[in-house]
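Following are the structures in question.
In the two assemblies presented below, chain A is common to both, partnered first by chain B and then by chain C.
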Partner chain A sequence: MTSQQSTTAVRKSGAKNLRNAAGGRGSRFGPWPVVVLCLLIAAFSLLPLGFVVVATANAGWDTIATLVFRPRVGELLFNTLSLVLITVPLCVLIGVGGAWLVERTSLAGNKAWAVLLAAPLAIPAFVNSYAWVSAIPSLGGIFGGVLISVLSYFPLVYIPVAAVLSRLDPALEQSAAALGLGPWRVFFRVVLPQLRLATAGGALLVSLHLLAEYGAFAMIAFDTFTTAIYDQFRSTFNGAAANMLASVLVLFCLLLLLAESKTRGSARYARVGAGVQSGPTRLRLGAYQLPGQLALIAVAVLALGVPLWHVGRWLIAGGAEVWMRNDLLTSLLRTLDYGLIGAAVTTVLAFPLAYLVIRHPGPVSTFLEAVNYISSSMPGIVVALALVTITVHNVPAIYQSSLVLVAAYALLFMPRALVNLRAGLAQVPRELDEAARALGKPPLVAFLRVTLRLAAPAAAGGAALVFLGIVNELTATLLLAPNGTRTLATQFWLLSSEIDYMGAAPYALLMILLSAPMTYLLFVQSKKAAGQ
Partner chain B sequence: MTSMTSLTSLTRKQFNKSALAALAGASVLALAACGGSTSPAQSSGAAGGADDAITVYNAQHDSLTQAWVDEFTKETGIKVTIRPGSDLELSNQLVAEGAKSPADVFLTENSPGMTQVENAGLFADTSAKIQEQVPAQYRPSTNKWTGIAARSTVFAYDKTKLNADQLPKSIMDLSDPAWKGRWAASPSGADFQAIVSAMLELEGEDATSKWLTAMKENSKAYKGNSTAMKAVNAGEVEGAIIYHYYWFGDQAKTGENSNNVSLHYFKNEDPGAFVSISGGGVLASSKHQENAQKFLEFVTGKAGQTILQTGGSFEYPVASGVAANDKLVPLADLQAPKIDPAKLNSAKVIDLMTQAGLL
Partner chain C sequence: MTTQPHDIRQGSRHSAVLRPAGPSSRTFVHDSSDAPDHLEITDVRKRYGGTEVLKGVDLSVAQGRTTAIVGPSGSGKTTLLRLIAGFSAPDAGRIALGGAEVAGPEKWVPAHKRSVGYVAQDGALFPHLSVGANIAFGLPLRGKAAARRVGELLEMVSMDASYAKRRPHQLSGGQQQRVALARALARQPELMLLDEPFSALDAGLRVATRRAVSKTLEQAGVTTILVTHDQAEALSFADQVAVMRDGKLAQIGSPFVVYTRPADRATAEFLGDAVILEAWLEGSLALCSLGGIPVRMPKVQGKVNLMLRPEQIRISSGSSIRGRVVDTDYFGPETTVRIQLEPILVDAEHPRDPHQPVGGEVINIRHWNAMLARPGTELFLKVVGEGVVFPWQG
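Take a look at the complex of A and B:
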């Protein structure tokens, strides 16, 4: 019923829209059904944040004082802060350094290195942790946390930076060199500033992953806010202490967003002027070729070699027996189910917002984008805690249903779909849509047959990334999975936390195999998107 | 500080229902409007979907319950869906769900979770057959739940570093500064929390609170008893408070995580000699009372208990006259303190541990 109503509504306002366009006035906020839809989606995506705010407000000052201002929270704050402050610069160093070597120097084998440096993204952080704990049983503390985080997450900086580097206009660098700057100063004063957006964006992503990660740190007994919240959940289901920790964690996320937006600055680096820019120049490495190769080999061995070797080792030790578990197939199928359904739902939900942002930029779309930006920074544990508490008390009809889990996936991974869709829609000239309408197609048909069709590849790319996220998602799945539902991630976790490393190995392998093609897709897409 | 006691019970009341309902309503609307129509029933696919199938909220080890379920389904044809979780997570969840809970049976590793659900009035009486199969010392006098297995607290120590005369005489000794940095535990686990609840019952709140504060200073925290044992084996700490069966389980596999480890039983009715009873209960709200009781009858019956004797769990059988695996120290020799499981107070323990900064 609802969809029928909105269909007719789209048609009506579409017609109005066309009239507006014909009269030379662009509609200000966009077609109202799309706006309403977007507002509903935004309200939905603010649910976790709203939950934390309400829970904190209702807790009362005494509870807040006892549960927030205690030494344990100080410890967690220290751990979490040190983790972010040490890991992020290291990721930037490896990510930017690697990207520069691959894209802008005479590095031998640079095509292979370009892919190899993105590949660690296909190994979920908790699988990485599992491998490293097998290699060094005493691994733990801040050192262990930083090691595993850097190796798991530096590609989040590398990929966007490499994409931008491959597209930079060398003319600027040539001018700087002509004006007397040496190669190093050119790099620091001309190249690096142009990478600021990509680097800051990547660093923000790394930080948010660090705040949300559970499995990787639980395995090495390194406590952060997320692991502490999960511990409280394990002991109290949805106790006040967990909520208070969640509110501190959320505050942390919001501060990060603020910090990132400050670093963006206002400088513009777009290239103006006619003509085609020449390809990037490459610096001759000469004597530095060997150290460069060695550094990259070290990164690849640590980030890819160690995890693959240990997964392989446990697989061989386990033999055929570990493949006989009857839940291996069911959890694989369940993972695929959720991955596909979640990806489809998330992409559909992201579409109206992407459309509004591209076709009707203005205060409403800016506001909605900001909301999405904030809500997408909420860690899985907070989203899950919010949904489980709300459904058990207020919406029992959907409690423990797949619907809630899919909703959590949509909340967590909406930005992945949004970013891709936005880029895709931006490439579809609205004139094509208008031409179709002028030729007599009703607006909806014109939209479906022209815009939607042209944006489909981008939608598929976004959906693939959401799928990747869902396959490796652990915390929200642990809390929200319907009774009897197990995914590769939860089974892997169950077995490896009982130190049944052999039994866990096939699940690890399957997650890597499912992630690898998606990671490759992400890598290819980033190269395409960088020019826009 | 005084507010700590009631923190866990505050949870449910403290949500301003109308505010949350508004948020929730918006989300449902948004989902419905956007055609996110994944069927909630989709999940039942894995459960077999039959009307007589039962759902078990399982805090016991997954492999053990899976072994029980496989055998039970083979014998009776009744399908079983398992929801994994930990003792107090699931007990609190059952209380939050109340009469609407989808659970038919609840299995734990320790009894405090059972007591919590019993106190909330959510359990049905166990059947006469269960009461017949389980000796009185392994079930509460109320018969709202039953013991299904037992496990003993141990101090698992690195035998290359500690001699018998260097071992702590009592678990209480570990609060001594001499033990600083030398021992480990898994404070976030239900097992350790049950051990603390025994200490609370035997030694009182002050002593327990002091011990926990010292523990925060002295010990290293790991996630999970297996991980703590692994740390002892790897030489990171000299000893760990865990349950006995982790060591036997690992020895039966490769021994890779326990070959340097020996077990020390405190005995002497020490709080550290606590023998914890794993429980099973049928929810009063279950719509499959008969099958749920049948499942518990199976678990406490000869076949179910024999799985404890011969399987890879190395937990102690407690019913139907089945003896323990002969590798284990007999239950009767453990000199465990006598504790009424109904008196173990989990909420208080969580508050004390949160206060001590362990959670």
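Take a look at the complex of A and C:
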């Protein structure tokens, strides 16, 4: 039933893409009000990058030289680079290995493992850090940084790779087997190369998270560019020093994007046939069943068991008293407030972009895609720094207002909304809209009753992911929130900084509980997205 | 030994469409004595990016008639249909519907203000609405009145009223197309546009759905334009066939005319199997390896290419034209026979000349009797009807 519906919705050919290139009267780029709106949104999303570029240009070479070429920056560079170079391969190893065990071998309990390996994403990295510091108070340095990062971020590789593995056409593997390759050689020569895109995409996400993360590393006193920028800004409000560090950080992010797009090269996802395909072939583990299970148990214990155990331990130790504090309810409500408003604003802003990209491919939409790709890599600290500086200097009236915080959320999480909206809109063939118009509905009515209605589930999915991001956002919220504002994340941060681990535990639990359904949604969506 | 070559396509053509009998009565082109032109397209051009997709198209469609626009993919036929529907605007030229201009240099009427029905390739049923709600989408009616009209429309496309409650994905491909047609008919459009509505269906379902749609549209008396890349579909469905190639209409005419008297060699080969022979034309007689073949009103003389349809070539013992069977392909009801012809007969009046055609081609014909055509067998051949000549291409 589902497959039939998807064939009616998805069937597309090259000839139709050509037709999609233009609609309406002489509108090569799309309806002009939408184009103007999109360009404004794009300009808005380029604010952080623009800020960094302008700040660097204004600083002058001497200032740059004194602020950038110093031992402190060398130390940060070393820390950040080693963090990325050690963490990313480990995440790829666990992510790809886990995905392969779950999707392609006779692993016992593979359905449960599939969910368990995605679940650590529901535990914010700084909550993970808090749990590990509770377990090993002396944790710190590069070892601590890598440990927490790997356990928090390997699902970012696991989820897309598992999705591709479960949808990969088994005919490819069967053909390889027919050409005389054994199961292991089939995996290395046929399956693994197909995972390149998903792995590279996941690795990019892990790297960007590593560059942007503040809370998890600050908690174990491991210095990276992001923690240094935050400290610099908080201690001295010294614009120039923080801005120069931010420039170096942004440079890193852009280099990562470049590296990832080089890895992608001309590779394409294997085309998954429209017809029903047989399930994936599973390799019999035999004697390897036990080591496989033990490895996954170790990962699950470290990534899920330890944080949940320590959050639980502090909750029990705190008893009912920690739940009675007034701040808990106000922070929860405030978090929900920001989450819902931010998700709504972000989705609304992303909609015209997604619409233009899907319905009017052309120079404008290509430009918008590029802008989105670049701005998606901007760390929260850079976004916050840019908005603080711009509002202080140019619009002091809105400095430290909720408006600016929501704007920061929109900048940070627009890519999440956009990815979902694009997928959703792509599922609504242009023919449906046209059919409605041929039935006498004006374009706007046709759009509302058909396209918008059908894209609504995707928009809701995107909004949910933005909500999840906002709930767990710490860096920008700390720097931009109006004075006295308490969210779950900031309050958790405040209490754990004061070593009130018992008081922080309810906040940790609430954040995990709010994140869990969204993580599941993300997991389910990734499986669907890989099939289409 | 006299046998009738049997062409399946022709057989289905006669049974598929209700039309005045006899080929001669179907030779209408721009003769608007009985019905006024409903759709008038004048020198329409359209460009996408750097490619000119339509390079000046002129087409008239008479009231209540069925026109098929047929052409290979990329020829611009779907673009033309979308211009007629009002989904996009032409760069130049005019389109008039029922005498009123809907697209021109100063005027453009969008799709929802034109009285056109549109059925897309895959039906484009709204997946979030039931069959009934899909059909009622364009109706101004609500409640009981709408339900009654939906029932009537379902009946028009030979579907039970109980289908109204179903969801589009619960229907077969053919049913989806019929619902799409019912939805398009709901507002009683003056003009129905069909964009390859049968091409996504299986072979068996395609013929049945095509017949049902054709019958429904005929009963409703709607002017219809069908876009297709399938020549058999075009020939069987329409009163008028417009052959499109490279953004231009290569030929417009009745199915019989475009099939038997194609305007050029590419059209001839696109519309069906063609036997192309070297020939020497003098007056209205073409001399080729199959003897002297009459040609109607030739525009060229001398060395030419002569086109015959395979079914015009019959096996007949009373003939002096000989050919030897090279090999055969068995298809069940019929067999394709490859025959090596003898070179063109040279007599005193036509001395062999290096500029003259040589002949002796290998041709394909079809025959029902597989036993008759063993390789090496010598056959006597006869040509029925006229040939068509094209300027010499070698």
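The rule is short, and it goes like this: the second predicted complex is superposed on the first by the 495 of 532 C-alpha atoms of A that agree within 3 Å, B and C clash if a C-alpha of one lies under 4 Å from a C-alpha of the other, contacts with A are read in each partner's own complex, and residues count from 1 in each chain.
Following the convention adopted for this analysis, a residue touches a chain if its C-beta (ideal position, glycine included) is under 8 Å from a C-beta of that chain, and two chains touch if they have at least 3 such contacts.
From a predicted model like this one, the values you see are computed outputs, not experimental measurements.
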Exercise for the section: Return first, second, both or neither, reflecting whether A:Asp231 touches chain B, chain C, both chains, or no partner chain. Expected result: first
Handout entry: Which of chain B and chain C A:Glu434 touches, first, second, both or neither
Key = second
Handout entry: Touched partner set for A:Glu321, first chain B, second chain C, both or neither
Key = neither
Problem - chain B versus chain C as contact partner of A:Pro443, first or second or both or neither - result: second
Problem - Dominant contact partner of chain A by residue count, chain C or chain B - result: B
Handout entry: Touched partner set for A:Thr63, first chain B, second chain C, both or neither
Key = first
Problem - Residues of chain A that lie at the interface with chain B and also at the interface with chain C - result: 2
Handout entry: List of chain B residues in touch with chain A within their complex
Key = 1, 3-4, 7-8, 10-12, 14-17, 19-21, 23-24, 26-36, 38-44, 46-47, 55, 61-63, 81-86, 88-93, 95-97, 100, 102, 188-190, 193, 220-224, 226-227, 230-231, 233-236, 250, 257, 350, 353-355, 357-359
Fill in the blank from the handout: Touching chain C in the complex, chain A uses residues 1-2, 4-5, 7-9, 11, 15, 18-19, 21-26, 429, 431-432, 434-443, 446, 450, 453-454
Exercise for the section: Could you pull out which chain C residues touch chain A in their complex? Expected result: 48-49, 73-74, 78-79, 82, 85-89, 91, 108, 110-113, 116-118, 120-128, 137-138, 168-170, 176, 180, 183-184, 186-187, 193, 200
Completion exercise
As the complex stands, chain A meets chain B at residues 2-3, 6, 37, 40-41, 43-44, 46-47, 50-51, 54-55, 57-60, 62-63, 66-67, 70-72, 75, 137-138, 140, 218-219, 221, 223, 227-228, 231-241, 330, 334, 337, 341, 345, 348-349, 352, 389-403, 406-407, 410, 482-485, 494, 497-500
